[in-house]
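Okay, so chain A shows up in both of these, paired with chain B first and chain C after.
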Partner chain A sequence: MTSNHNLTLTGDYQAGDLAPRMKRLGLLLAALGLGAGAAMGLTGDADAKTHFWFAYLVAFCFALTIGLGGMFFILIGHVVNTHWNVSLRRLAELTMGALPVVCLFGLAMLLPFFDHDVEIWQWDSINSSEAHAGENVGAHGGDASDSLSDKLDHAEHEHIVQKKAAYLNRNGFIFRLLGYFLIWAWIGRFFLSKSAAQDTAGDSIDNVLRMKKVAAPMIFVFALTLSFAAFDLIMSLDETWFSTIFGVYIFAGSFLAANCWLVIMSKWLQARGKMTDVINTEHYHDLGKWMFAFTFFWGYIAFSQFMLIWYANIPEETHFYMNRTLGMWQNYSYLLMVGAFFFPFLALLSRHVKRSTNVLCGMAIYILAMRYLDLYWLIMPNYHRGEVIDNPFGLVEISLAVGFIGLLIFGIARNAGKQSLLPLNDPLLAKCLGHKNL
Partner chain B sequence: MTETSNTNGELYGVMAEFDDVTTLCNAADKVRDAGYTKWDCHTPFPVHGLDDLMGIRFTKLPWVVLIMGLTGCSLAVLMQWWMNAVDYPYDISGKPQWSLPANIPVIFEMTVLFSAFTAFFGMWIANGLPLWYSPLFRNKRFARVTDDKFFVSIEATDSLFDSAKAHDFLSSLGASNTEDVYHSNETAALPGSLKGKMIVLACLATIPLAMVYNSYGKTTTEPRVHLVPDMDKQDKFRAQGQTTLFADGRMSRAQIEGTIAQGDLEDYSNNVVNAAFVARGEERFNIYCSVCHGFNGQGDGTVHRRATELADAGHAAWVPPADLTLEMYADKSDEELFSTITHGIRTMPAYGGQIPEKDRWAIIVYLRALQLAQKGEPVDMTGMTSEQRGEVMFASKSCSTCHTVDGARLIGPPLNGLIGQEITLDDDSTLVIDDDYILKSIANPMAQARKGYPKAMLEVALTDEELTDLLNYIKSQN
Partner chain C sequence: MANSTSIDHVDIFPEALVQGTHDFHSVTETVCGIIEAPKPPKAWYIIFGTALALLGVLGAMIVYLVTTGVGVWGNNQPVAWGWPIVNFVFWVGIGHAGTLISAVLFLFRQDWRTGINRFSEAMTIFAVVCAGMFPAIHVGRVWFIWWVFPLPNQMAMWPNFRSPLLWDVFAVSTYFSVSLLFWYMGLVPDLASVRDRAVTKAKRFWYGLFSLGWTGSNRQWHRYERAYLLLAALATPLVLSVHSVVSFDFATSQLAGWHTTIFPPYFVAGAIFSGFAMVLTLSIPARKIFGLEELITLRHIDNMTKVIMATGMMVGYAYAMEFFMAWYSGNMYEGFTFINRAFGPYAWAYWIMVSCNVLSPQIFWFKKIRRNLTVVFIMSLFVNVGMWFERFVITVTSLNRDFLPSSWHYFTPTWVDICTLIGSFGLFFTLFMLFCRFLPQVAISEVKNVLPQAHPHHDAH
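Right, the complex of A and B next:
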């Protein structure tokens, strides 16, 4: 391995005054989005508040999965010693570096625990109703008596939750959540700082070797934390349901979202004169290939989960899909199937789509919207679970999603100005710039 | 491979040797610009960008792969629809016979299979592979193409080809050496003797096929050929087989004393007979037994009625199922009935594997109830003549199930006009019916069976007096 002695870089790779502008943009979006969402959601009755918190969870998970996908982008790149993504690496590092900001606001999801009107994770209210026997559980827990999940014998339902109480309890949940956030923050910090240190390290490649060494075990840490965070944040919303593939499902969506985010981010920076000569058609083509591959992988995992449950036909598993085929949720299910799988799969099959960067950027924005839809489809049916309701999607959802995208942008901008946007001194950079797809 | 002038045939083309990639790439660029179309570059390793310099168009293969992938996808749908919904519809727990989610794994596999095969073999075809031989191989220098040299070859079939010009042109591009390459003048045709041998071999090769065809569908007294003897003759213990492993030489082992087989823990001989148990018996009887024996146990189930229709139409002989309400079955012990249900009897198959032990007892209990419920009025035979008593027995001992006395044929021969009739027996001997034959035929029905009737008659246990009465009745119908 040699450093890039004979590599002459002439483009603009410093965020410069773009960083404070991005920061302001992020803050503005976050303040407007979260503020408007809170103004609409938190001032209403218990039902509106519950709706707000579910929408908040979707928006949080949306931003979170983009950041986590960025983390995998970094880790897997180091582990397999790839060269094509080096010029994109700093952007992915910045994306995962935004996780602490996103997670800090994610901690707000703990507030509903202390609000008796709101019930997000029902295992919590079942646990506490068990502790204070006779106390009224939750805002709409009582009036949902004819819902499908309640057709499980109530006592049996409680019995299942009690069996899980050793894992699904308030303290454990908070403790684990903090644990995930700290681990992710550390991984983000470590790779960003080592990578930045390499920029000025001259001939030494110690930083790079260190990153490669740490990346391998961190793949395991990443897989475990992402899976368990998915179990805790999303799967446990339906406290009797379980699917062992669920972590992989969230992972597939995460990495897909991150690749889309990188395409958009690169286009955005290049439109502002940054990185114009270091991210070329070949790199977009490769990002497009990841988008294509993970669109399919996500569909593959989604179907794997569906088919086993459909085939086995066990009520304790099938109610997940029952809830999502009730009333207008069925439209969401079909939209997800066609919109998040069939259309992008067929569209991204073509090499020309992947190599025409504007079209690819359009696909990236579209797929990110589908990523939001996927999380919405996972989380929202637990609000008024199993009941036929009107489509809850509205301004609250849009505001909160905008707010969390603002937070993500702010989190990225916070670190963007501190070093170059390109890993200037990475030993594989020259190879990356000469990269060509056959 | 020696290159000697007397083996050289036609000119294949001109080959130029280059020492490094840069010169080669530059040369490739120039050769393309010169307008040559039948030429190629040869390198020890893949050179990125060389195909662009050579002006090779981007492959159309992806479109072929797409079409074949869609073909595989459609075929998979069609195949599963045809198999599951059309050709062999099979009802499994009332599930739809054709359901898309269940088909998707196969659709996925078939799409991938067709796409991958098309991509792989399509690439071969598009590249003219497999290429066993090229005249370039005849040139000794060309061997270094697998080591450290780079080559450009321009073929003589190119419309712009001119040997001298090509040499000059390639030299001017920095070639370290240029040479003519010739086809071999040896004929590529196969030697005649080899052709003859191959024809003979091909003929011989058809013999096994002919033998297989010949033996196909033929009956034989020879033991069959075991192609996979390990499969046909497995080293395993069969229930009735012999072995030297155990002292008593038997493969099947008796239950070890003091143990009990799984599921045998419950002792069904002490079943509590109550309404629920009888109801269970009724349900099981209606499921398993009624198809033949009828819902009332009178032997008039659906199968019997249909089979009788077929038998009447001359399609097949049919042994009717027993009328279980008859006295002869009422007289049988529970244990005997249990054994019959478990192991089957005559044409009735064994139900031991399908009906759990407890249910078999329940069926017997229900059967007893049926027999009790349908017992006819007792007939007072006092003051009856012998013939009249015989007539009552003819009806009650189920003779009338198979025989008539009006000349009509049911299962067995009609019994009117028997005495003095000359009949043919199964062994083609003839016999004139007398009292003795009738009595013997009742006691041991199949000893001298009549030709042309199914061997279906059961032994009927009768006292001597009853026999006499029956004989007298039959004789009275002469």
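Right, the complex of A and C next:
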């Protein structure tokens, strides 16, 4: 009893030979990007290696947040029974279906734990310096030239880190990371397979109902896994810093990134003659509205965090922003404020921008670059934390970002050929295609 | 076709927003009939009478307070912010659903808002009136309350712009003005309907005056709809800003339990949560008393309970994050505050809050319960209670055991505190009952828009 009986679909909705081609391209980009990054970063001294792993973490989080944003796109769509995004749904399903590939390479982030030259998560070395009491191997190990107050600061610092060793420890970290990845892989698998099954289910809507039932509790799981993954991967880089809003901050950026990704993906497919009649200006307009709304929401969350920490002026928290106003990091902070908030906010206010699909696609690429900048701003100041350094951004970062985008493309293309690119038999498809923005 | 039970089918193809056999005329009749009836239903007299009596209590309390001093309340060191701020935040929170329903749900194309938007916008305004009263009477010398505004004056005295309390004055008054404007603008076409049907001269005059010469011409409707969209877009950031600023009252401090970065979105979620609960508390009896069951349907109730469940879990997420970070921060004061909240002298309040706001709304996972009016009504009261206690827990438990154990003190309200809170419900319900009697409770023109007759291809999905 679907409402699509009068619907005739005449376009091209199969990935066809695009899928193997994109698979090859994705692999090539991944191999070149990650390979070049590793060749530049891992062959150098300890400092170069540390820099490499921080850049690797940024690139990984960039691809990860796009996939997770895609997951939210699917989950919330089912829960609120939306119809406008049905024709985009398979693309989002494919995006989140790429998470296992991305996460598999993300597991490489565990390697620095086993390399004595490299410290990414300093709580790890502080914990092990506790285990080998007396050896000054920690990042803040004493130095003969340190003043008494510096020594006290270091002792205090280590004391705080040791207090949270029950959470911030190597085994717990690995275990949690594996847990998040498996949960996300399962959610991605479930929705892609149920949705694909619906394509050939005829008049039955049982698959859709099942997805709706599962989606609601999965939002809950999604919120917790995303938040704790954000704490583990990013927030704990600064082992004494904490912010209760941090999970929401990462969520805001993720959903924004996913909407941009979907705009680019749709434009790219349409340029190759796919999906031309099922994704129209109205759908782009709505994606543009989400881009606008989440640019705003991200700005709101970023402001809330900054304002409260700045105003209360408690040293335990303010060092996060102090580190990001130090030396050239200050330029990044201003660039983030203007580039990731003010400019896209003003640009996307315009209805014309949201409805001219080429311009919107340009904005999507731009905002994705800003998403990278945001993660870079969160992660990279922990490399030589609290020191004035030269801008570390360079070829290593670019190669690794290209590598992870390659992985994302490979992950998507891997599943793209297995079913249609359009949920052909979704009960709300007809309503989606007739959708108009007034 | 596979036999999906009809109750599941509703999840994908929801039932009509207007039940029964309504046409354009009968919608007008139903809504205007309430105003035009020579006498309101008996229940109206009972509720209005009770509310008026409670309003009298409020008046007496305020007179007693002003003539005696704020010492009549339980506020004292270390709990200098007692019930007045709790009540203020409680009422502002309730005042949130209105703008969310009228603006955000409008932008999200949620048609079902049409049945309940008028109602909740009215409720918003009355709740903000109740809220604004508390800080005003808390200042001690209430006749100087105008000092909160940055008026040029010969005393060369300016309010402290660095204080979040002043930002509150701006945030709440902006919210109040925009909500009022939005509500009134939506009322204009409906007031004109009432005017056109009025049989007495007085009614023709008053409804005529406030309907601003509305004739329903094409040009007027065109401008009306543009203005409505613009106002919705302008009001949407207000949904975030008001309660974010209210949360700043607490979160900009350095006090453990108050200073935490999640406060702004957490307060907003909590406000929407409590606001929807109040809409349910009001609409479930009102639709019955005034015969609006076909316009405010079970689908509306169902959707509202889902919003309640979702925002309830956001609030639960915030409780969990606060607790986790209190431990994770390694800060002994944070840790103590939260252990004290959950297991200290006010543990009872904390667990009332958790049970009402996080645990009990979980029953809304079941559709049968979402459509059981008795259960939903009781649950809405639970949420109201839970959200009042949330503010109580935040305010009082963070203060009552401060950094100096010798000044620890178990806060108890005085009878004046209690009567003032009860009296504020009197004010709220008095205004609300007047609204029910004299203004169209449902947005007539908007409901007509969601009738199938309004769409030429209404038989196709």
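One rule holds for everything that comes next: the second predicted complex is superposed on the first by the 419 of 438 C-alpha atoms of A that agree within 3 Å, B and C clash if a C-alpha of one lies under 4 Å from a C-alpha of the other, contacts with A are read in each partner's own complex, and residues count from 1 in each chain.
Throughout what follows, a contact is a pair of C-beta atoms (placed from the backbone, for glycine too) under 8 Å apart; a residue touches a chain by one contact, two chains touch by 3 or more.
Keep in mind that this is a model prediction, so the values were computed, not measured.
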| item | value |
| --- | --- |
| When chain B and chain C are modelled together on chain A, clash or fit | clash |
| First, second, both or neither for A:Pro427, with chain B first and chain C second | second |
| First, second, both or neither for A:His352, with chain B first and chain C second | neither |
| Partner chain(s) touched by A:Thr244 [first = chain B, second = chain C, both, neither] | second |
| Touched partner set for A:Tyr311, first chain B, second chain C, both or neither | both |
| Which partner, chain B or chain C, touches more chain A residues | C |
| Which superposed partner A:Phe220 touches (first chain B, second chain C, both, neither) | second |
| Which superposed partner A:Ile301 touches (first chain B, second chain C, both, neither) | second |
| Partner chain(s) touched by A:Asp206 [first = chain B, second = chain C, both, neither] | second |
| Chain B collision site on chain C, chosen from 27-35, 45-53, 63-71 or 261-269, when both complexes are overlaid on chain A | 63-71 |
| Common interface positions of chain A, toward chain B and toward chain C | 300, 307, 311 |
| Chain B - residues contacting chain A, complex | 48-49, 62, 66, 101-102, 104-105, 108 |
| Chain A - residues contacting chain B, complex | 300, 303, 306-307, 310-311, 349, 351, 436, 438 |
| Chain C partner contacts - residues on chain A that touch it in the complex | 1, 3, 6, 81, 159-161, 163-164, 167, 201, 203-206, 208-209, 212, 216, 220, 223-224, 227, 231, 240, 242-248, 296, 300-301, 304-305, 307-309, 311-314, 316, 427-428, 430-431 |
| Footprint of chain A on chain C - complex, ascending | 1-2, 4, 8-9, 11-14, 237, 240, 244, 248, 251-254, 259-265, 313, 317-318, 321-322, 325, 327-331, 365, 460-461 |
